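Should a chain be cited, it is by its letter among A, B, C, D and E, assigned in written order, with residues numbered from 1 in that chain.
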Amino acid sequence: MATEPLTEQAGLQGPAAWEQEAEREHVHGLGPWRLGLRRLRRNRVAIGFGVLFVLLVLSCLAAPLWAKHVAHTTPTENHLSDTIKLDGKTTNVVGLDGVPIGPTYQGEFFLGADPNGRDIMVRLLYGGRNSLMIGVVAALMTTILSVVLGVIAGYFRGWPDLTIRSLLDIMWSFPVLILGVALGVALALGGLQLGPITIGGDSLLIPIFIIGLVYVPYMARPVRGQVLALREKEFVEAARAQGAGPLRIMFSEVVPNLASTILVFFTLLIANAVLLESALSFLGAGVRPPNPSWGTMIDEGVDRIATAPHLTIVPGLMLVLTVLSLNVFGDGVRDALDPRAKVRLEH
Amino acid sequence: MGRFIVRRVIQMVLVMFAVSVLTFLIFNVIPNSDPAVRMSGRQASESTIEAIREEWGFNDSLPQQYITTMEKVITGDLKSQFTQLSVGKEIVKGLPRTFSLAIGAALLWMFVAICFGLYSAVKAGKFADRFLTIIALIGISMPVFWIGALANYYLGFKLGWFPNGGYVEFTEDPIDWFYHLILPWTVLAILFIGFYSRVLRSNVLDTINEDYVRTARAKGLGERQIMIRHVLRNSMIPIVTLWGLDFGAVLGGGAILTETVFDLQGVGQYTAEAIGQLDVPPVLAVTMFSAFFIVLLNAVVDILYAYLDPRIRLQ
Amino acid sequence: MGKLGRRALALLLAALSMSVIAACGGDDDSGDSSGTGGGGGEAKNGGSITISQTSQPDFMDPALTYTVNGIEPLWLVYTPLLTYPRTGDAEKDSLVVPGLAEDLPTISKDGKTYELTLRKGLKYSDGSPVKASDFEHAVKRVLNLESGGSAFYLGIEGAQDYIDADKCDADIKGIEADDKTGTITINLSEPDGSFSNVLAMWFVGLVPGDTPCKNLTESPPPGVGPYKVTESVPNRQFVLEKNTNFPDLGPDIPAGHVDKITTKIVKSAQRQAQDVISGELDYMQDPPPADIKPEVKAKYSDRYKEITTASTYYMFMNNRVAPFDKKEVRDAVNIGLDKPALARLFAGEVAPGCSFLPPGQPGFDEALDVDDCPWGNPNEPPDIEKARQMIKDAGVAGADVTVYGNNDDPTDKVTEAYADQLTKLGFKAKPKILDGGVYFQTIGSAKEAPQTGFANWFQDFPHPKNFFFLVDGKSIQPTNNQNFGNVDDPEITKGIAELNQEPEMTDEVAAKWGDLNKKLVERAWIAPYGHRKLATFFSERMDFDNCARFHPVYFNDYSSFCLK
Amino acid sequence: MSVEATEPRADDGAPGDAAPLVEVEHLKVFFGIKQGILVEREVARVHAVNDVTFSVDEGETLGLVGESGCGKTTLSRAIMRLIDSTEGSLRFRGEDVTKAGRRQMQPLRREMQMVFQDPFASLNPRKRVGQIIGMPLRLHGSDRQGVEPQVRELLDKVGLHPEHVNRYPHEFSGGQRQRIGVARALALEPRLIVLDEPVSALDVSVQAQIINLLDDLQDQFKLTYLFVAHDLSVVRHVSDRIAVMYLGKLMEVSPAEELYTKPIHPYTSALLAAIPIPDPRENRRRERLVVSGEPPNPINPPSGCVFHPRCPRATQVCREEEPPLVRYPNGHLAACHHPLNVSDAEIRDAARDPSSPVSAGDSLPGTTADAA
Amino acid sequence: MADALLSVEDLRVSFATEEGVVEAVDGVSFDLAAGEVLAVVGESGSGKSVTAMTLMGLTRSPNARFEGTAQYKGTELIGASEDELRRVRGAEIAMIFQDPMTSLNPVQRIGKQIVEQIQEHEGLPDQQARERTVELLERVGIPRARERVDNYPHEFSGGMRQRVMIALALSCNPSVLIADEPTTALDVTIQAQILQRMRDLREETGAAVILVTHDLGVVADIADRIAVMYAGRIVEEGTLDQIFYDPQHPYTWGLLGSITRVDKPRPARLPAIAGLPPSLANRPQGCHFRPRCPHEFSECSKVPPLEAHVQGNPEHRDRCWLSVDEKLAKREVLPGEIGLASKEHAPA
């Protein structure tokens, strides 16, 4: 971490020979952050997708506005027997045979309706809030747990390390999705009791908890590895030589050096968490109806793929767009800051 | 090498033990509800719940409960609460299908990912690289069940290019077997291709800058030889570990979504159904089973790895 | 797994007892075919067909199976002492006739003793002779295996003692069988007007007396019936082949047409429908899924029909919990319930109605489902304004209501729609979707005290008793309660008790049940909204006109299937 | 060649005005090599530092020299109490700190500081220079406001601009960074500074600058240095005495100039001979003795004298008996059965030094030489 | 020089980096005669390694730009195609790298790595190539070479690996050997062994050597001629004795002066060059050494040419505006013994 990793990232780089010579006399070099930012800014695609992600988040946050002022409905309001004027013709929102209308591209039912006659656009935005919320909070949970565990294991070594590492190794042995599913099934009924806090089985906190947990090994292991490397750095020895205690060393010497890794992981974790949420929901072990999320919407839609393909395609595209924007942006951030961070995914 | 293998096998057994303990804890300790009630599924009477409690020993101490559970798993006495069918038998029945899916997909994704990753790395920074990068990222951004459902419906049913899901035994008709698996293989591979090609690309770029590659170049070797003998082989080593994990996961029924979408009725789909029914014993068994597969594959890969990379053996 | 696997379960398992028995095949709104065996020509014999089910039958064992997946094939393999005819005439087919018994039972005056005699010379499919004592053994298996059907046979004297003994070969005091004469005497501890129906259930289809007391799904025992099971691989397929040892039981109980029926388990209902369209499958046991149905109806109506079953879908309203403790509120819900809207969620698979008793049940009055419905014609939009006003008047507007439902398709959608309708009536309603696996258990718990929610029932046999226990004050329990709304109308409770004593279903008794039904509906104890339809869909090579017999109790009759 | 005579100095605490600042007695540092599944156990031990005894007096500079893997860096870390020693004792200004915990060390940290080898790794890249140099001050009680002027002063002392206080390490060159490292070590006005290869990562022209700086600071602040290096030519310029290590053991301890002119131990002599002289003619004149072989594995050090497998003078006794540290005139110690550059008389007068390893034999060179 | 084996003319190499364009090599010219040892000396960042590697085409990358020529036996190296270069690499010009720990492929047996090169250039059958490899390993002093040929690099110590690297470099009898800091990563006793071996081998093979190093001790040991580089340029070039005993450039003075020695009494104070090496991306105008030079004057803002100044020594060239006399006068100020020695050996 100490020397700037000159990476392969598109564009500028010196060959190995040059780096070797340059390595030792790096006068007035750029700081890792500045360098990262500069690289990132050059990566227009990544920036573009980053902006797209922000737009997606903003539009999901604006869901109530759309619902109230454009669609004139709520995410839960049924329009089973309603009709709507389309090109002057009166059309059932839901046909007698249960087939809902497709996209109208007008204010109401912009992206069509679901079998309950609910406005897909409205549900899409509200569902996005849930999906994104789960993604962000779960990623946050993973990050915090991983950093705490990784730092403790990497810094103290010995038995705390052995314990944490074994635990992570064991968790690592489970396929992400199956571990998620197992937890989902275990928690579906009674919910979770964490000390005095009880979380109901259909609470959104359950998928957050599950997703936040299953990715811990994927982040904690690299963090631990990095802490192990950092702890051998002379500046950590220097701090110890000056009498700094373990806590101070961890927080003021080690953790700041993890910042770029954390940032990279966080972005990519959100993407994976959103994706895992959809998979768990699809399997019935994630978000429980009636809470909408993109995963549950796809799950509901797949059954009507022949008569109402928009039910599957629309939330799926939204999901892909969101995850893709995070992945591209995250990839850009990684290339700019920490080219070696890797996240494994579910199947 | 012999010692290494023995050590690795002992380690594998220990990890499997730990995995079984963790699985047991997930199902019997974490939940906030009576495990007997959960286990008994739908329309259980008090007496059924009581019988299950008795059968699984939920009143006993935890270690005793663990032993009871493991006895059931190992002796194949584990039965679905829902169908009363032996979970072990059902898993065995699903294995050929799961293996067919896993092996084909794993070969496909490895092959394509190597091509993509290598090409991308060689063309780093150029248009081809950026294009492949975006393709790869799209690949890892698509939910398998979504793309699978769309492919199945549009390519399988609407256009009729492929069978509409389902599975044909290899022994019955190898060509039809292959034909039925093309879509599932492709869909499952898409995600891995995306991921592996990215990892390989970055590994290759790391390796290209290694001193020994410079040495190889200074030796006057051709670019192709350098890439294959020196760069690719060394870049592949970390990927083999990853591959072991993922291949193990898919072998062990990890491809729940793909199997379900294409109605392959392998171990994964069996799990998916059990989830839908909250049928605990199959989920417990598959969870343990798939982790065992990963642990096993991991050990195999490590041994392979020690063969590939002689440095490992000494550690 | 998405809905692919769940939807089929939904249909078949949503009912409390999971047994689905249809009635009244005449109520056929899909066209001219009445589905009788004698339509336009002669049914052809021979050939093999391949059909499909969405999920493995719960058990391939007559003593245990309690899902339509198992019953539909197995009732043709294991004929009980009494049975239902298979003639194609719906009315006739819902009346109990002698099966392996020579005649209908002789019932003692007090209604407690049933006497039957086994026909002579019967042979199981494996050639072994049928003995009178095999009946007792069949009952023993039901009781010993704690089958879901065991409750039906607890009325037999000594049944509980037998269960407590926990030994397969212990004696059931109330059953005496003489293998020489073939006489069978059954003593009940209390009279039971539906016991003949109970004796006609597949649970007690006769099996050899040495059949072990264990789940025989993987090697079903021989039985007496038009077909025998020759292969059973759980979750993959099972095969029925013609039973060459099937004795002549009279014209109303015919043998089958095709020689071999292979049933494949295909998890995706969509795939099944597509395969039936393309001819890879000849018949699907489930109705085509909502997604494919428009196409099926449009293009393949010549091999597709829908029949309303003896089932009722209703919302329970817990009258022990506010706000449904007020009659005005329950009235208002009945008025405001948008039945046609809910029917759309079933993609037309529900016939809107008001009656609790479904068509086909004695006492069913068709008028109650249409014009005589006290809450307005169920086929028309409700008077929401009126209902709103009533709720306002009752002073409960704005009350929080949690609406229970499960995640089976389309129950979840129904629940959400119902919650939305309650919201429109002035409540603050929120759906609570539980997993299908635990739903009925949860709402049957007094601790949970659910306010209102989804419920339904499919008949086990054509007797109103089979429906009325759902609203019987005596059946209220703290757990596993099936009277979800805690309905305890003194008059109705008393009426049920009295009518249960009637040994025979005379027109008079049926009319009395009808009165109870009307009272139940008028007093708004529950909010029924319709009866479920099922469908038959054949491949092109099947002879749809002559061979699609629909049985009022057991649905599609495989023994009628034939090729063109 | 005349040597500016360093006063003969008794090593074992002869009466002087000051007690030794650091005393290391029979210090051993072994690293366990752990292996195992889930539960790890020690399968082998690296004998990094193997029974070493010496002391550093106030104000002097002790050079500690040896090739990579000889244990010199481990020894310096052990003295700084950055790693635990396995056996032996460690005293700082008479106080036993062998097992001292962080609390006990805290006040002593003021007095002992360290400068590290790698100017890039020794400064936290995420912290500003001010924070880096200010950290020891903050740790020892200064408040935030009080620190900055001190930091500026320190920067000035080591030859950097005080304005650079808000810069990050990456804005400096290697030499400048090493100055920052020195400033950090100086912050608490310590008595002892352990310098771990402080110049080996620097270019020749910058090396000289840093060595000069260290020299100046020592004069200015009366510092005591423990100067660890692999390069005998660099050590020479700063050291009063030099200790030569090989495979975890002390081979020779000598006043600086005497070591270069009169190396007693064949290993020292080989080291000196191996250093190429940047003077072509001198080089051509010089007869170079190249030692063959490579240092053995410290997991399994050779028996007897650890240098015997490579030593041109090795005899049977070298394989069998570990030579004690023997005292020669001028406070010159060497652990060798077949010493160089000593007269017979000196051999006769030589005595076993108490700082010899416990496992060393008693035979002195004279006796064994006859035996050989 | 007409008889030069390798002739480099005005070589310029620049790289586009994150921090702008860096001129790593800025107009380097030298000739290498058959059998001679040319030492390229300089501190890190002086461009010495880049120069050496550029000759082999090892610095080629999309971000690099090259100007000038390098002729090897009439073949142009700088603009050569990869195929042409491949024929030269390993066979005609071979290279030894600094870090023996990373320069060998860790997952290939060392024998194979050498055989690979032999077969690439000479197409020998396996058995013959293997025999040659064993021979080579014996020649560089690896004991039990026949067994060890099948070992992996990690089974060798650093010194042994460097011997393997040398064997590898010599395997096709190259005419030019480029050794880039071959001993820097080694301990001093091992370094001595390697240097000795290199000296012996050089005599045996007669290969010309370009030795890239920062260590003047090594240079004094082995070199025939020296080129001193500073910030991308050669600032002084001459024979071993010329550079050591009659250095002309103030930077060379500083370099020689700041060396610590074990064979002479230590000076009270080390003579050091003041200031910092110039920033790589941002070098001073004119003479690059100007900011650190104690003798800087107005002329120094122009780039001094590399020319011979000392009479009668046309091969002794330097880049300094001072006249020879001025230098002689000023050099006395520097107390380095070697530099002073030149007085005794003043040009005749």
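Definition applied: a residue touches a chain if its C-beta (ideal position, glycine included) is under 8 Å from a C-beta of that chain, and two chains touch if they have at least 3 such contacts.
Worth saying up front: this structure is predicted, and the values here are computed from it rather than measured.
Participant: Can you name the chains that touch subunit A as well as subunit C?
Facilitator: Both subunit A and subunit C are touched by B, going by the contact rule given at the top.
Participant: Using C-alpha centroids, which chain lies at the maximum separation from subunit D?
Facilitator: Between subunit D and the rest, the longest centre separation is with C.
Participant: More contacting C-beta pairs: D-E or B-C?
Facilitator: D-E
Participant: Let me have the rounded angstrom distance from the C-alpha centre of subunit A over to the C-alpha centre of subunit D, please.
Facilitator: About 52 Å separates the centre of subunit A from that of subunit D.
Participant: Could you give the separation in Å between the centres of subunit C and subunit D, each centre being the mean of its C-alpha atoms?
Facilitator: Distance between chain centres: 92 Å.
Participant: Can you work out the whole-Å distance between the CA centroids of subunit B and subunit D?
Facilitator: Roughly 54 Å separates the two chain centres.
Participant: Which subunit E residues touch at least two other chains?
Facilitator: Only 43-44, 53, 58, 276-277 qualify.
Participant: Scan subunit C for residues touching two or more other chains and write them down.
Facilitator: Where subunit C meets two or more other chains at a single residue, that happens at 1-2, 4, 6, 435, 438.
Participant: Can you tell me which residues of subunit D touch two or more of the remaining chains?
Facilitator: Residues 38, 173, 203 of subunit D touch two or more partner chains.
Participant: Can you check the complex and tell me which residues of subunit D touch subunit A?
Facilitator: Touching subunit A: residues 38-40, 77, 80, 82, 102, 105-106, 109, 112-114, 116-118, 120-127, 132, 135-136, 139-140, 168, 170-174, 181, 184, 188, 201, 203 of subunit D.
Participant: Provide the residue numbers of subunit B that touch subunit A in the complex, in ascending order.
Facilitator: Checking each residue of subunit B against subunit A gives 15, 18-19, 22-23, 26-27, 30-34, 37-38, 121, 124-125, 129-130, 133-134, 137-138, 140-146, 149-150, 153, 157, 188, 191-192, 195, 198-199, 202, 205-206, 209, 211, 214, 242, 245-246, 249-250, 252-258, 260, 271-272, 274-276, 278, 280, 283-284, 286-287, 290-291, 294-295, 298.
Participant: Which residues of subunit B touch subunit C once you look at their complex with the stated criterion?
Facilitator: It comes out as residues 41-48, 82-85, 89-90, 93, 145, 149, 157, 164-166, 256, 260-261, 263, 265, 269-270, 272-273, 275-279.
Participant: Of all residues in subunit C, which touch subunit A in the complex?
Facilitator: Within the complex, subunit C contacts subunit A at residues 1-4, 6-7, 270, 289-295, 297, 338, 340-342, 344-348, 381, 407, 409-410, 412-413, 415-417, 419-421, 423, 430-435, 438.
Participant: Of all residues in subunit E, which touch subunit B in the complex?
Facilitator: 53, 56-58, 62, 82, 85-91, 94-95, 97, 99, 102-108, 113, 116-117, 120-121, 152, 154-155, 165, 168
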